[in-house]
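Next, two complexes with subunit A in common: one pairs it with subunit B, the other with subunit C.
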Partner chain A sequence: MQLSNNERKQILQTCINNIKHQSNLMKSNLNDNKLLQALKHCSNFLNELRSNNLTPKQYYEIYMLVFDSLGILSSYLIGGSNSKQSNSVFLADLYEIVQYSGNIIPRLYMMINIGTTYMAIEGAPTKDLMKDMIEMCHGVQHPIRGLFLRYYLSQRTKNLLPFDNESDLNDSVEFLISNFIEMNKLWVRLQHQGHSSERELRYKERKELKILVGSNLVRLSQIIDDYTDANEKFSSIDYYKDKVFPVITEQIIQCKDHLAQTYLIDVIIQIFPIEFQITTLKNLLNDVFLNLHPMLRKSELIETLVDKFINCSEESVVEEEEENELFNQFWSFYLNLNELDPTIPIEEHSNLLQSFINLSLSFKNSENFDNLNQIYKHASENLTSTSDSDEEMWFNLLILPINYFRSINTLFKLDNYYDFYQKIQNNKQLQKKISITIIDKLLEIGEPLKDISEIDAIFRYLLVLIKESPSKLDTAKNLGITKTIKINNDEKLITVEFLEIQEKICKIIQLIESDQDDPSKTISNLSYIRKKYLNKSLENIIYTYPTLITKYLYKSKILGYYKPHDTNLLVSNFKNLSIIVDEFYSNHEEFSSSTILKIYLNIANVADQLKLNSISYEIYNQVFVIYEENLKHSKKKGFINPHDSLSGGSIAYESIILIINSLIKTRHLLKNQYEELITKVTLHGSKLLKKQDQCRAVYLCSNLWWWNEILLPNGEKPTTMIEEEKPKEDEKPKMENTNQKEEGESKNEEKENNEEEQDDHKDEEKEKDVDEQEEEEILLYRDGKRVLECLQKSLRIADSCMDPYLSLKLFIEILNKCLISSIYGNDLIDYKYLNGLIDLIKTNIDNLQDQQNEDDEEVENGNDNDEENEIKETVLLKQAIGYFNKTLYYIKEQKELEGRFQNVNIH
Partner chain B sequence: MLTLAISDLFIPERSIDLPPKFKKLLSPTNNIPSNNKIQNVICLGNIINSQTTLSWLSNISPTFKIVRGEYDDETLIKQQLDIKDVPIYGKFQHDNLKIGYTNGFQIVPKDDPLALSSFARELDVDILIWGGTHKVEAYTLDGKFFINPGSATGAFNFDWPEEEDEDEDAEDAQDEKDEKKEKKEETDDKEINKLYEIEESNTNIPSFCLLDTQGSTCTLYIYTYLQNEVKVDKITYTKS
Partner chain C sequence: MSSRKKTLLKVIILGDSGVGKTSLMQQFVNNKFSHQYKATIGADFLTKEITIDNNKQVTLQIWDTAGQERFQSLGVAFYRGADCCVLCFDVTNEKSLNNLTSWKDEFLVQSNVSNPQDFPFIVIGNKIDVDDSKKIPSLQKKLNNITNNQLGGLNYPVFETSAKDSINVESAFEVIAKMALQQEELNAANSNDVNDDYNDAINIHLDSESGGCGC
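Showing the complex of A and B:
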C-alpha cells in the first residue's frame, strides 16, 4: 500500500526517536559494563532497520544513525579488555553469542560489527571471518535491506582486508567481487519490486542507491593499487586484466540492466587507472560494449573513455607510435558496432565520431592526419542526411577540429574533411559558419599563405562566402533582428554580418605572401586568387578588390625598388593591375567611381616613383576619363556650407583635390606630360559647378606650378625638368647654383637609364641641409608666372560671386595662399601684390560694414524685412574679419620672427 | 583630460589588426568604456569598413569623435556607428586649449607644414591633429602644436619611401653574382637583405598618441610599436 509523504515522515521520525532512545540506553549500559543489557538495546535499535516503509533516502538516514551507534559498541569492545589474548577470546565468544539473536537483520549487523572489531585484532582468524560474514549476508534478500547490510560490511571491512601476499590479495579481491556481485543483483532486483506503475519511481530510487554498489569497485581499485608484491613478475595490470576485469564485466553484461550497465561501466572507466584501460581496451570495446543493452547509449561511455585517454595524454602513457593502434581499436569497434546494429541513430553516430575526432586531435603526433581523414572519409561515404537537424550534427563534426589547427598545413592535409564539408552544401548557412570559424582560426594563427596549393586549401572554404549574395537577407536564423546597412544611394540593403564576412575575406587576402621572399611571386598569387575565386561573384568584388588591388600595388612598389632595371617585368605588372582595376570599374562604375579614382591615383604615384613615366601618364589619363564619365556631375551630398573652405565640398570638388594632391607628389613625369596633366586638372577645377569650388580648386592648383622641396623625399632626384631646355633663371630663384645635368639622353627615351647614371657618381648624403642638396642636383618644377595666373584667376572668380560675403571670404583665403606662395620663394607674389590684396579685402570689409550699418538703421526704423538673414550676414562678416585679423597677425609675426613680408602693410 | 588620437587603421584593406599590445593598452577591460583613464577618443579616419574595429574604438571612452578619411565610405561608417554624418574636421576646447582635428586629405599640398598652419589659422585652433601620412610626428610651428599620430596598425601607404635604398648594394650584389658559384649563398643573403631594406623603408611603424591637456599645456605621449615592444616618448607644448 502506498504511503503518503507525511506518513513516511512520521514513520521516519518514530524510527529516529527509537534509535536515539535505545542507543542512549545502550550507552549507559556500556558505561555500567552491562554488556548483555547493552546488546539487547543494540538489537532493539537495529530492529528499526527492518522497516519496509521508508524511501531509500530515509532508510539511509537511519542507517547512518545506526552506523554511529554501532561504532560506540565497537569502541567499547576494543577497549573492553586489557590483554590482547583475553580480548581475542572474548570477541570470538561474543561473535558466537550474537548469532542467537532472534531477528536476522539485528543479528547480522551485530555479527559484522563484532566480527570486524575482531578482525582488527592481531591474530584474529581474518579470512574465516570474512568468509563467514559474506556467507551470512546471503540471508537477507530484500533489496534495500540487503544492499545496506552489505554496504555496512563493505564499510566496516574497508581497512581490514588483508593483502600482505598474493593469496591474501586473492581472498580480499574475491571477497569484494563477491559482495559487488551480490549487491548488484539486489540492486537490479529492486527494479522489479512493487507495482509496475512504479517503475519510474524505482528507477529513480535505484539511481540514488548506485553509489552503494559502486563503492565495492572503488575499494577494489584501491586495494589493487596499494598492493605491492615482492615478486617482480607480479603485475597489477595483468592481475586486473586476468582476475578482476573478466569477472566484474561478466556480471555487468549478465545483469542486462540498462542503469547498472551505464553506471558501472562508467565507474570502471573512471576508477581504474589509464594503464589498466589500455590493457583491457580491446575487450572492453569488443566483448563488453558490443554486448551491452541494445538501447544503451554507447557514445556516452565512449566519450568518458576517450576523455580519460585525452586527459592522460600529458602523462605519455600512450607513446607516439602507439597512437595509431589506439585509434584503430576504437575505429574497429565503431565498424563492428555499425555492422551489428545498422539502425544506430544519427545522433549516436555523430557523438561517437566526435569522440574519435577528439581522440585523434589529442595525439602527440599532430602532423598525422590519417585518422581524421579516415573518420571524415567514412562520414562522407556513409552518413546520409534526412533532415536539417542531421546536418547540424554533422556541423558539430566539422567544427570540432578547427580549434586544434596549428597551421595551414592541417587544412591542407585534411582532404576528406573537405569532402565531408561538401556534403552539407545544401545547407549554406552551416557551410558558412564552418568557413567563418576556419577563417577566424587562420587569422588567429596568422601564418602567411605561401603558394597556390595552400591558397587552394583555404580558399575552397572561402568560396561559399565569396559567392554569398549580399542582398539576400537571411532572417530565418535571426528572426528579423539582423541589422542592415543601406548602400548605393539607399537602393540596396546589406547586413552587418555580410560586411563582417567580407572584412574577414580581405584579412585572409592580407595573409597571401610568397614562399621565396619574392614580391613577384606574391603578385602572381594575388592574380591567381582573383581569377580562381574573387571574381566568381562580380557583385561582391566591390568588397574585396580594393584590398586585392592595394596589396598588388604595394607588392609592385616593392618589386620596383627591388628590381629597378627590370622594366619589362614592372610594366607588365602594371598592365595586369590595370586589367583588374578595369574589371572593377566596368562592373561598379555607378557607385564606386570615387574609390576607383583613388586606386588609380595610387597606381599613378607608384608608377611615378618607379620612374615609369609612360605608365603613370596613362593612368592619369584614365583618372580624367573616370572623372568625366562619373564624377564631374555627381550629385552633391548633403548640405555644404559655401563659406567653409576646410570641409571639402561636392564629390567633383573632392576628386579634383585628390588629383591635385596626387600630381603634386610626382617627380618623374616628362615635363610635357606633367604640364598637360596639371593644365587639365586646373581646367576641370575652373569648370566646377559652384563658384566657390572653382575658386578654391584654381588657387589650390597654383601649387602644381611650384614644387616644394619639403615634400620631396630624401635623396630623390626629380627628372621632370631634366630633359627640357635650361629653365629660366629668373623663375628659379633658389637654384642659381644648380649644376644642370646634360647627359644627352634622347627626349623620347624613358628615364630609367638616365636615373641610373645619375646615381652612379653620387654618394647622396641624407642630410637635412637642403641648400647643399639643392646645389647638387635637385631640379624643381617651378613656374612663378603660372602660379600668379592661377591666383589671379581665382581672384576673378571670387570677385564674380553674387554673394559679397562669399567673395570676401574667398579673398582672404587667397591672401593666405599667397602668403605661403611668397614664403616658398615665388618672387612674383611680392609685397606690392600682397598689399593690393590686403587693400582689396579692407575695402570690401568697409563696404560691407557700411552696408550693414545702413541696414541696421533701416531695421531700427522699422523696415524689418528679413531679420534672420541680417543676423546671419553679421555673423559672416564678423567671422571674415576675425579670419582676416588672424592673417594680419600672422604676417606681423612673420615680420618679427622671420624677417618676412617686410614691406607688407598691415595697418 | 586624456585624449586618444588614433588614425589610418586601414582594416581590412591594408592590415589585419592593431598590435595586440596596443589593444591591451588601450582597452584594458571588457567594460564600456573599456578604458577608464581616457576621456576622449578622436579617430582621424581611414578606418575603412571594419565594424569590429569601429565598435572597439567607440567603446574605449565615453566620447568618440571620428572624421572621414580619404578612403572611408561615409555612408557605411554613418550607419555602422548610427550617427548622422561623418564630418571632415572637428574642433573642441579643453581648458585654455582649442584643439582641431582632421584627416587632412583636403589640405593642398597634403602634409605641407605651411598649408597645415594655414588650416589651423582658419580653424582658429592652438593644436591641430591630422593624419593620412602614417608617420607619427609632432612639432610646433607658428606658435601652434601639430600632431600626427601615424597609423595605429602600421598600414603601408603609397607615399615616397622613407629613405632611398643605397644603389651600391645592388651594384655589389650584381658584381658578386658574376663571380664564382661559391659565393652564391652570400649573394642570396645580400639579395634578401636588400629586399628586407626596401620593405623596411616602405613599411610604417604602428603608433598612436595620447594628449594630456591641462590649462594651457598639452603633454603628448607618443606610443610606437617596434620589434614587439611598445615605446613611449613625451613632448610638452605650452600655448604662449
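Showing the complex of A and C:
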C-alpha cells in the first residue's frame, strides 16, 4: 500500500499541527502547574510518533518537534520542586506514573524524558534507570519507531552516563554498545519488511536512517575521550582494543548486511582516532574486512582508511621506521584477500592498489621505493587485462606516482614500474600519456642525464613517442578537427601536438650531460641514444637529429679545446658525426636538404676552427654533392622581387650564399683545397638560373679571393698560406689587441659584405690603421686579379639582363662592392675603374629618363594601355637614382673624412 | 510564564567539513580542544547556561552539524526553531569561505524562518592560530567582498577565532547569545498571536487518531 508524495505531505502537516497544538496546550497547563493535564497532552503529541505513513526524513521532522516539546516538560520538572530531596522523590514517582500510559510509544518517550531528567539530579539511581530504560526499549520492535526511540534514549543520556571510575565506564560503555546492537538489528531488519518489490525503497530508507545507528558509536568515542581526559593513567587505546573494538566489529560481521557493514566500518574509521586505528589495524584488515559480505567493495573502506593515514601523516603518528610495517599490514591483507577470493573484479584490484600506492607515496621516507616496486611487481605478474577499460584502470595506477618524482633516480629504482607500463603496450595512447607526463616531470626537475643507465631508465619510456608515426591519418585530421600543419610540399599532415612532443624529446636530449671536463663521455652517450632509440623511427629523425647533431658538434668543439693535439680522437669524432648526418641525409634528402646543408656547413666551420683541414675539406665536398643532387634545381615558392637584393632568391641561390658565408670564415684549409672550393662555388654561382642570382652570387664570391684581417677570429693566425710561405714573425701582442677590439665589428662586416650594405663607414675608419701596420705580419689569402675577374664577370651578367631597370640596379650594387674592394686595399680597383662604372650608371639613368619622358607623352596622348607598367617603372627608376645618389654621397664623405677616392668623379 | 523558567536559545553552527565547528563548540562549552579530527555524524548539540546583559540567564543549545553531506542522511529538520545561525569557515581554506553563502541559503530554505531578511547570522573565521603563510591570501579583502556586498551579501558580524588557543570564542558566543535572544523574543511575540488563531482552527482534529498501530 503505497502512498503518494502529496498524501504523505498532508499526513505530515496534520502530524505537525497536532504536535504544535498539543504542545501548546501542555505548555499552558504547565504554566498553570497542572502537571497531570500536561502529561495527557504530552501523551497526545507523542502519539503522532506512532505514524506508519511517513518517510524517515518526515518522521525525523516530527521527532524534532517532539524532542523540543519534551524539552519544555523536562525543564519544568527540573525547576518543579524546591528541595533536591523532594524533587528526587517526585521524579521517582513520576517515572512510575507514566508507565501506566496506554500506548507504548508515548509511554517510553515519557519514561526516558523523566528518567533522564531524574538522572541529572544528584543521588539518582542512575545505573538502575539506565538498565530499566534500555530494557523497556525492547518493547518497540517496529524498526523506524524503535530506531528513533533508541536515538532519543541516546540523545537524552548524553552527558549523564557515569564515568567516575572504570566500573562506571564499563557500565556506560555496555549501555551504549547494547543500544548500538539493538539499533543495528532494527536497522538490518527493516530491509526485510514489506513486499520484496519494495526492496529498493527499503534500502533507500535505511540509507537515510543510518546516522541514528552511527550516533551510538559517536557517543562511545566521546565517553572514552571524557574518561581519558579525567584519568591520566588510563590507556584508552588498550581499552578500545580489548573492550570496544571486538564487540562492535563482531556485531558488524554477524549482521551480514552489506549496507550496515559499509556504513559502520566507515564510521569506525572516521570516529575513532588514528592511534586506535593503528592498534587495531591488523585485526580490522584480517579479521574484519576479510569476513565482510563477499559482494562488499573493500576498496572503498580501504580508501577511507588509507586517507585517514594520509591526512594524519603530518602529525607523525607513524614514525619513519614504522612505515614499512604499516604498508606490509595492508599488503598482506591484499594477498590474503586475493587468496580468499580469486574472482575479485579488475576495478576492485585497481582501486585497492591505488590506495596502497597513495599510502606509500605519503610516507616520509620518500627514497624508499620497495613498497611501490612490490605493488608494481605484483600488478605486472598477476593482473591481466581483458578490455580497454581494464587498461584505463592500469593507467590510473601508473599515473599516480609521477607527480611525486623528485629525481631521475625514482624512475631508475622503480624497475617494476616499467614492467607494468609494458602491460599496456597495446594501448599506445595510454602509454603516450604516461610517457608525456614523465617527460614533463623530468623537464620540470631539469636534472642532467649522466650515464647510460640513467639514459636507459628514461628513454625506454620515450620510445613510444619516438616511434609514433606522424603521417598516420585519422578522421579528425582529415576533417580538420585536429589542428594540422602541412609539410613536405603539402604531402604530409602533422599535428601541433605531435610537434610539441618531438620538441619535448629534443629538450630531453639537451639534458644529456656527463662530466663537464670530459665531453667525450657526453659525445658517446649521444651516439648511444641515436643507435638505441632515436633511429628506431627514421621518419622522425628529422625532428630530433638537428638537436642531437648540434649538441654533438658543440661537445666536439669543447673536446677540441681540451685536447687540441689528440688529432686521432678529434678526427674519429667528426667521422662518427658525419655518419649521423649521412643517415639523416639519406633518409630526408627529398625535403630537408637545405637543413642538412646548413648542418654540414656548421660542422665544416667547427672542423676548420679545430684546424682539421682534411675533415672540413671533405665536408665541403659533401656540401657540393648535396647542392648538386638536391638543391641546384629547387625553386622557392612565392614571389621573389628581383630588384631587391635582400629578399632572397631561389633555394639554389640561397644555398650558394650559405656556402660563401661558411667558406669566408675558414682559415685553415690548405691553399689548394681552399682555391678548389672557392672556384667551385664561384662556378656554381655563375651557373644559377636567373641573371640577377648569377650576378649577385659572383660579386659576393669576389670576397672569397681577398681576405680581410678584421674577419679573423680573435688572436688566431690563418694557416692556409703557410704551406707555401712561412710567416716572417709572430704577431705582436699589440696587434692581437687591435684584433680583439674589432672582432665584434667583423661579424657585422660579413653580413654587410655579402648583402651589399652601403653603410660600412665605421669599419672603414678602423680598417685603415690595420691595413697599414699589419699587412706584412699576417699572411692573408689575396688575389686581386681574381677579385677583378669576379667583378667584371658580374658586370657582364648585369649588362646582359633584358630588363634595363634590373641592369641599372645591379650596376649600382656592383659599384658598392667595388668601393669596398678598393677600401680593402685591392689596387686593381682604381679610380679609373670606378669612374668608368659611375659613368656607365649615369648614362643608363639618362637613357631611361629620356625613354620615360617619351612614354609619358604617349600616355598623355591617350595610349594608356601600359599605364600600370609605366608607373612601376617610374618607381623603379626613382629608387635606383636614390640608391645611386646615396652611394655618391658615401664616396663624398669618404673623400672628406678619410681622404679616399680622391680622383673619383662624383659630379 | 514561570519566572524561574530560563530562556532556551537554539543556535546552529554550519560550515564546510573540517573548519572546526565541533572544536568551537567544545571550546566554548567544555573548554576542551583536541587535535584529533573526528567527523561529526548527523547533528548533535551541547547546552551551556550563560548570563547576558548582566542579569539575564539563558540556556544556549548549540547544534553542531556534519559538514559532510554523507553524514547528514536524515536531512536538517533540526534547523527548525533556530534563533541564530553561525556560519563558519577556515581562514586557511578559501573554498570554505566561498561556500558561506550557500550554507546561509540552505539554512534559510530549510529552516523556514519567519523573517529571512533580518534573521541573525554571524560569521566566524576559525584557525587564526595557524601560521600566516598558510592563510588565505588577502583574506580581509575577500572577506569584505563577501560580507559588504549590498545584494545578498553576508552583512553580519564577523569574528576571527582560534578554537585551539581559545581566542575570541567566548566573545563570539556572547554576541551570538544576544542576537539569539532578540530573535527568540520576536518569535515568542509572534507565535502567541499565531497560536491564538490556530487553536480554533485545529480543534476538529483533537481526538482523531492518526493511523498508528497499537504496539
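Everything below uses one rule, namely that the second predicted complex is superposed on the first by the 699 of 907 C-alpha atoms of A that agree within 3 Å, B and C clash if a C-alpha of one lies under 4 Å from a C-alpha of the other, contacts with A are read in each partner's own complex, and residues count from 1 in each chain.
Keep this in mind: a residue touches a chain if its C-beta (ideal position, glycine included) is under 8 Å from a C-beta of that chain, and two chains touch if they have at least 3 such contacts.
Because the structure is a prediction, the values reported are computed rather than measured.
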{"item": "First (subunit B), second (subunit C), both or neither touched by A:Pro804", "value": "neither"}
{"item": "Subunit B versus subunit C as contact partner of A:Asn602, first or second or both or neither", "value": "first"}
{"item": "Which of subunit B and subunit C A:Val267 touches, first, second, both or neither", "value": "second"}
{"item": "Partner chain in contact with A:Leu443 - subunit B first, subunit C second, else both or neither", "value": "first"}
{"item": "Partner chain(s) touched by A:Asn53 [first = subunit B, second = subunit C, both, neither]", "value": "second"}
{"item": "First, second, both or neither for A:Pro162, with subunit B first and subunit C second", "value": "neither"}
{"item": "Touching partner for A:Pro642 - first (subunit B), second (subunit C), both, neither", "value": "neither"}
{"item": "Which of subunit B and subunit C A:Gly882 touches, first, second, both or neither", "value": "first"}
{"item": "Which superposed partner A:Pro246 touches (first subunit B, second subunit C, both, neither)", "value": "neither"}
{"item": "Footprint overlap on subunit A, where subunit B in one structure and subunit C in the other make contact", "value": "none"}
{"item": "Touching residues on subunit A, where the partner in the complex is subunit C", "value": "11, 14-15, 17-18, 20-21, 24, 30-31, 47-53, 56-57, 60-61, 63-65, 68, 71, 75-76, 79, 103-105, 140-142, 145, 155, 158-159, 207-212, 214-215, 217-218, 221, 225, 229, 267, 270-274, 311-312, 315"}
{"item": "Interfacial residue positions of subunit B with respect to subunit A in the complex", "value": "11-17, 49-52, 70-71, 73-76, 79-80, 85, 87-89, 102, 105-106, 108-115, 118-119, 121-124, 142-143, 156, 158-165, 167, 170, 192, 194-195, 198-199, 201-202"}
{"item": "Subunit C - residues contacting subunit A, complex", "value": "1-2, 4-6, 8, 32, 34-42, 44, 46, 59, 66, 71-75, 77-78, 80-81, 195, 198-199, 202, 205-206, 209-215"}
{"item": "Complex contact set, residues of subunit A against subunit B", "value": "443, 446, 485-487, 496, 499-500, 503-504, 506-507, 509-511, 517, 519, 546-547, 550-551, 553-554, 557-558, 561-562, 564, 595, 598, 602, 605-606, 609, 637-638, 645-648, 654, 657-658, 660-661, 664-665, 700, 703, 708, 710-716, 759, 764, 766, 813, 816-817, 819-820, 823-824, 882-883, 886-887, 890, 893"}
